[in-house]
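Please go over the structures that come below.
The same chain A turns up in both complexes below, where it pairs with chain B and then with chain C.
== the complex of A and B ==
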């Protein structure tokens, strides 16, 4: 069976350039120590994505999500291992891959500012050999869908960040790729725009045959709602891979307790309590609170948690036990929330 | 592919202002550039001979023609060189262009094509200014026109090939791009007989000049468009070779740089992919 994408022991290590000192010469070893040494962005990643799948890759900043997408998009060579897209090797069969893929990165403002929105998208469609007339029809249709039609003759430099992002989404879909890589596509977008984009992506995969999407996201809800399968990645390693429902089942025996307490001086005492899986904490400076999400393996630990909080002079404002979410799965595996 | 890249290049070069203003700019810029040369030569001739009649000076014609055609070199080299830099740093589109099923090498040639067009306008304006305002004597027989056009095409291919070598280097560096984009044409300006004939350079400088195809390109152009009586008055350092020999050397060196550009481009592209810097942004 040919997978949409497949990686085998894929590893990517980035070497850090040593800092140059004008006056002081440092040994290579000392320099490496000061710069933190090489960074392993992908560590023996084995991942297969099936054709027709909407696959989510969930991980914090620096987990290796973008590096994986860059390797699969032929922008970056693996350090070791191999990666295949539509059955073609990313290191050797670049041209065959490029005809079948496209990519959109969220949160960036790319585009030729002197061209109009329509010209910008049209130009990229021409790079993929799409007949000009077909491309123009598709562009108009997509512009209507994404609510950008009234900006079609406006120069890109005048677009807002959100509008540019919509333009880039259209650039990704206009070539009708077999495999679309979406790197945080809704990053920084308002609620309505995000919803439009999510719905379009889901329909695009479900209503067309042989279309595959690899989506990286920070938003748990997005992954849970959209993806057929989700992989959790941290520090270049795939920690878990399954459907969102199965991932949640993995921690069903555990319970999730959410607490809102007065700002804690330290969360270290909570980490030391027996019967706790993992936990995340987030300070809300405006309200003077700390929000804790704790995966509890043994419910008798709850009283110890409360004692640890009150011992710091902190007041418990609210506490609730919830069903596990994908975020809880993430905390249970990584030991911290996505936004920490 | 080439067509779309050329269209994009033209839009970027011409679309930054109103068409009328762009037309005025296209005429005034080369004339203003020529004025600097005129002033320098006027002073030099006045000090040297006390008779600053530029139109009658064979040396002034030599350097004026060299300078006019050097516009192509500076413009096309910069055009090739800045494609990667601008797509990377300013427009942040390089990853999407690079990962599309195009030949990136052809894309850069296409983007540089608009520079050829703009340089042609600038060179024509400069030459017209030289003929009508400074009375420089340009003459070419009808029979020489096809040969002149052939020399132009070969020379431009050569300049583009050198530009692609430099574009390849810009895959690997962001910090030194502007230095190279200014420095390399500057080196050609000095060693390729643009305003100084090879004969006035030291021995090693002459050797450098003889290794560079632009030297032969400019020499061939001068022999085709300047009267032979004027050419004979200037010790160019290439008198021992006839026009056929000059064109042969131009052809050989162009072929060499063309092959070099392909090899260097592939190598630097591979190294950039390996290092993960194809789409790096550095804010340099």
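== the complex of A and C ==
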């Protein structure tokens, strides 16, 4: 079996200079992040992504998603363990890997504002040695596909955020990589731009042989809709890895209750109720509400939940029980929602 | 499609990276004013001082002497363009690439890092050449400098080897500046005026004495300027009083300097890349 990427006990620790003023405080010793001590971004990660797979990596901010991508893109060395891309070692065989990969990040501002969209993409294609004529043909074709062709002679600095991200995506695809790393590619884009990008990524993997995509995203729906398999990562550890359907099956015996209530003073009482798994809460300041998503292991806990809410003087505006989604799996594993 | 070989890949990469600088000249034409008119003003001051040396009825020797001095300034002004480009643009380029988010894309591309730096250098040379040529042409026509070109091939060799050595130095600085971030900018500010003095941009360097001139020769502009002046003003009116070593010897030393700076640039960028991969922050924005 050929793996597009493979990691074995991959660990990445960032050493940081301790902040002297914080070291003096006793409490600071408890918190590595605060006092500037070492931070474990990846903790013995074992992950294999098959060739031809569209693989999703879900995790909250600081979970280690981008660090993992940077290691696989040869931008970071592992502290221990090993990682392979297209069968090559990221520590020793970087040149072989770099010819086969590309990466696009959401919110990227790469390129030169003075150049036109087409020139910018062409410039990056030259760093991969693509013949100029071939590169230009591919760029035109991709610009048509992404609906950016009418902007081909427009200077990059005049592009909107969505147009700029489409340009970045074209930069990623123009080199026709075997493995493409996409770090939150639809971040901050409108519905139409996101849809265009998602559809292209899915078609690119499905219709071409041996193409692999590793996608990190904050959008559960995106991962659920696009990915063959999904890994949930938190604090540098892979917590779960399977197809979206199988992941949802993992918590099928549990049910998900979604509540919209008047803004809660504290969610702590809910966390203490017996019979509930994890839960997430999000305040909606504009509407004066708190939206709760609770994984319920024992349905008799629902009445206790309602009591805990009303005890705070809060009114329940709506309540519904739903089938588990990938987001519920995430909350169940991580203990909080992606946007918290 | 077959993968391009090492040379083809890096030639394309070099051309690709030089493109923004090359094409940039046609996009914002304000550079014509800033890069040609203003530099002329800066050398004009020296030219008028030297011309003020002329007595009311100068003899030929005096005319030759002043012509040489004015010529030295014009040649110095020509090379100033390259020195400023190396110091302020080339040296800080990787730092700015990091700030705009390009650097990590460069670092994960399969091209050689020297092709990246080479592309920056070639683009810089191309762009700066316009200013240099303007300074030279204006100097010759407006200030009436008489240049004698006896050995054009040697002049071209000295000029291009000086540029390679200068930009090799800039390539080396580029890695160091990235390492030290904005602090390195102070180094640029610190080096600008003293190098104008030590390398003799507006006067023959030997006027500072043999020891200082030899020390200043580590800056490629020093020997390049001296050799170009000797080759373009063989009849100086001063004899060989202000000339340093022979142009051939200076060319040989410049070749060594070019090789040394290019090797140091490669080593320092290699070191920087390893450090970036180990520490994980040099190629990332705002770190």
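We adopt the following convention: the second predicted complex is superposed on the first by the 322 of 340 C-alpha atoms of A that agree within 3 Å, B and C clash if a C-alpha of one lies under 4 Å from a C-alpha of the other, contacts with A are read in each partner's own complex, and residues count from 1 in each chain.
Here is the rule we go by: contacts are C-beta pairs under 8 Å (C-beta built on N, C-alpha and C of every residue); 3 or more make two chains touch, one makes a residue touch a chain.
Note that the structure is a prediction, hence the values are computed from the model and not measured.
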Superposed partners chain B and chain C on chain A - clash or fit: clash
Touching partner for A:298 - first (chain B), second (chain C), both, neither: neither
Partner chain in contact with A:134 - chain B first, chain C second, else both or neither: second
First (chain B), second (chain C), both or neither touched by A:98: both
First (chain B), second (chain C), both or neither touched by A:115: both
Partner chain(s) touched by A:74 [first = chain B, second = chain C, both, neither]: both
Touching partner for A:242 - first (chain B), second (chain C), both, neither: neither
Common interface residues of chain A - those touching chain B in one complex and chain C in the other: 12, 14, 67, 70, 73-77, 95, 98-99, 101-103, 108-112, 114-115, 119, 123-124, 126-129
Of all residues in chain C, those that touch chain A in their complex: 1, 3-4, 8-10, 12-13, 15-17, 19-20, 23-24, 27-28, 100-102, 104-111, 116, 276-280, 283
Complex contact set, residues of chain A against chain B: 12, 14, 67, 70, 73-77, 95, 98-99, 101-103, 105, 108-115, 119, 123-124, 126-129, 171
Chain A residues within the chain C interface of the complex: 12, 14-15, 67, 70, 73-77, 95, 98-99, 101-103, 108-112, 114-115, 119, 122-132, 134, 155, 176
Complex contact set, residues of chain B against chain A: 1, 4, 7-8, 11-12, 15-16, 91-93, 95-102, 270, 273-274, 276, 278-279
